[in-house]
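Paired with chain B in one complex and with chain C in the other, chain A is shared by the two complexes that follow.
Entry: the complex of A and B
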């Protein structure tokens, strides 16, 4: 274990949701660094550039302009260098079909967007703690599947 | 395209990597169990640093804080018991940990929670379920066989714990992994050519 902050990315076109998310992360015990993006294209530009350390965890909204979350997910999973980055789909959809499709396409985590702050904080805390288990134990993330609600 | 399946022994891999990298640096050493390594003589800080850099690419880290060393030992023992045995032993892991590390389980449990923000119990469940997932992904065993191998009291107990922790049922998990593998194979460059 070391004191390096957990590097988290968030791609969501809704500004309120981004603020809500950053506030909830800020209240957790774990030291984090959050980088946000307003749409999928901006996120992919960042991930395709060379000057960054591989983030630990990406929260990806499904409905975004320019490039939606599903398109981003498929591109990300085709990139060998991003294999260790866990991807959490962050969506309002609770359809079993959407959830399974996201996992089959390579998502590790599926989160139903909660509508209250305490719920969001609980979910983020659980997601980050499980992601940390994989990271700190050097576990293979291929079998990392978490459906949280 | 030729597909091969491999099996490997983590402990042996780790020992070979350590030998290779320490020989390169001309260090004299003995490799003990549970990730303890003794370097003979007085190695310079410089050579420890070079070793640490060389090990980084394998995801191996040199730990210094004695508390972290104990936590690492706890994790190593749990991983060894859960992943390197055909059948999980019937003995309680808390007893095994206390015996092997020579501390009371209460002390180990407190230290573990303080350092990792997680209890030993939930770490054990996490590792057991990882093994269950590997067995499910291989599609070689039925859920009943897996629950016996992993020492669950019943299939229902295994199913409930799996669903509670991962949010998906074991069968849904298996279906997802199989579909995912198929899709990846269809998208691989060899297939496009």
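Entry: the complex of A and C
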């Protein structure tokens, strides 16, 4: 087992959600390191800086100030070094339009924020343990949406 | 009166006129002829009488000469010679006038022989006088002459009498033939008069009935024109008629009025019409004037008119070429005041914009409900779940009870928001109707409700359902909502039994007037054995937020059936409920086979 912590990024403008997210991940029995950003611009600044390490997984909220999630996603997929990074959309929106757009723009998975902490824990555990290499190759729209109410 | 009948009547009238003139002509010519006849016969009578008179005169002259001869012979007095000669001269004159008077050839012959006799008798008379003058001895010669003279005299007498008789006879024949004429003429007059009488009566009757018809037609025209005028006034329509051949233009009374003129205030001209048209719209009018209508449809234009009071009225105008009975080329123009309609349309347009704005606002509201309202709620629920997980046991008993209430309230709010969203989505989202087997839709619903069905021990019995053109996921929602209601409102201690059946719907048995006449419908019945409700609530249950039970016994938002109603109405069908408390309820859904 690799002792290096799993590097996870979260871009979400909502403080409560960031707390929930960190708490839920903290409760998982996986060694992780979570870096959070308050908006898309901050995230992209980080990703474009020299100090960054390619994260294992990025959780991206859609509705954010300065630069929204979709813009970030498009920018990320346009970058040679980032185009294979696993990106999970993490949003309250259940709109077909958003889901479709995220899929087309190259998100790996779409997660609707649950309204139950246990559920959140379960989803995060599931998403983190996916072998992304494998998942990407067999990706289609059916397994794209993880949780839609 | 129809034009054909009218033509016939005028032909009959001309025939009657011709016949009358003909009869009159015959009568006049006959009368003229008759008059001529009278004059002629009178002439004949006169002539005959003068002949007879002349003959008698002649006889008396001869007689006088004979008498004087005898007196001369007896007395030997020479004074008698002069009267003899005078008498003879008179007799000769008389003969001359007789030959003028007598025209009949037979009588002329007779007159000739009479003349001869008279000549001979005069010769004998002269001889006798001569012989008497020569000597008294020559008595034998004298006697011979006298005797001969007497013989001639008696012959003359006979001849004259014969001539007179012949003249009388001739007159009689003439009078007879004339009498026949005279006898015939009263009959002729009678017949002619009778004929004329009949013709006059006929002509009068015809004229009278024609007059009657014309009067009637005139009255009809007056009524029509009157009601037409009124109709034009009421409907705010005016018209003009233009006779192209004569270049005559006329306006209807209401045309003047609509244009803000007093009736006959101005001469009806196109200029007078143009003058009142809004200056900005005059081109519309002028351009339409040059257009020629082709086919049956008239030229239609829209323009404004500034009437006498300076008010702007909106008009729709039609113009069309027509041909009347007499093949005259006529153009009619009809102007309809559509100001009210124009304003109504404008108002409607404004309302439509308001409505569109409202819809946009509603969409925005839906978005708020879907995102912004759910956002804090989701956090509340997440926090609730965290407390439940960790700190719930540490709360006081009262705290735990109140916390449980918070959980229920939050869950209910979540349900309300999702249901409301579902309701608002019904008519907004994808409208693709596809031919779908209702059976598969029902199966999907039952799959969704699997847990509830298992828990409640419900039994679902369904017929084979038809294939209809529907929006599958919407109808699925209808099935799900209704069946879940049936399960929810089951009778205590009795497991729910739900029967689903369908059949072709007979519209004739229905009072439902929202259904279209030409479309075929299916009726789907979903019957349960639940608690039911009073029939008077059958409408109310489909109204949004309306509930028959309080939340403590049966949880719900009061949106489920409202969604069903909205979906079915979106499918141009209908949904109704039949129920009695304690006896279960039946939901009847009527859906068209085809939907566009």
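The rule we apply is simple: the second predicted complex is superposed on the first by the 129 of 149 C-alpha atoms of A that agree within 3 Å, B and C clash if a C-alpha of one lies under 4 Å from a C-alpha of the other, contacts with A are read in each partner's own complex, and residues count from 1 in each chain.
Note that a contact is a pair of C-beta atoms (placed from the backbone, for glycine too) under 8 Å apart; a residue touches a chain by one contact, two chains touch by 3 or more.
The structure presented is a predicted model; accordingly, all values stated were derived computationally and were not measured.
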item: Chain B versus chain C as contact partner of A:104, first or second or both or neither; value: first
item: Residue contacts with chain A in the superposition, chain B compared against chain C; value: B
item: Which of chain B and chain C A:113 touches, first, second, both or neither; value: second
item: Partner chain in contact with A:129 - chain B first, chain C second, else both or neither; value: first
item: Contacts of A:30 with chain B and chain C, given as first, second, both or neither; value: first
item: Partner chain in contact with A:82 - chain B first, chain C second, else both or neither; value: neither
item: Intersection of the chain A residues that touch chain B with those that touch chain C; value: 149
item: Footprint of chain A on chain C - complex, ascending; value: 370-371, 374-375, 377-379, 381-382, 385-386, 389, 414, 418
item: Complex contact set, residues of chain A against chain C; value: 14, 16-17, 20, 23, 63, 92-95, 113-120, 149
item: List of chain A residues in touch with chain B within their complex; value: 1-2, 29-30, 78, 100, 103-106, 110, 129-130, 132-133, 136-139, 142-143, 145-149
item: Partner chain A, residues of chain B touching it in the complex; value: 59, 61, 68, 71, 75, 79, 115-118, 123, 126-127, 130, 133-134, 137, 166-168, 172-173, 175-177, 179-180, 183, 187
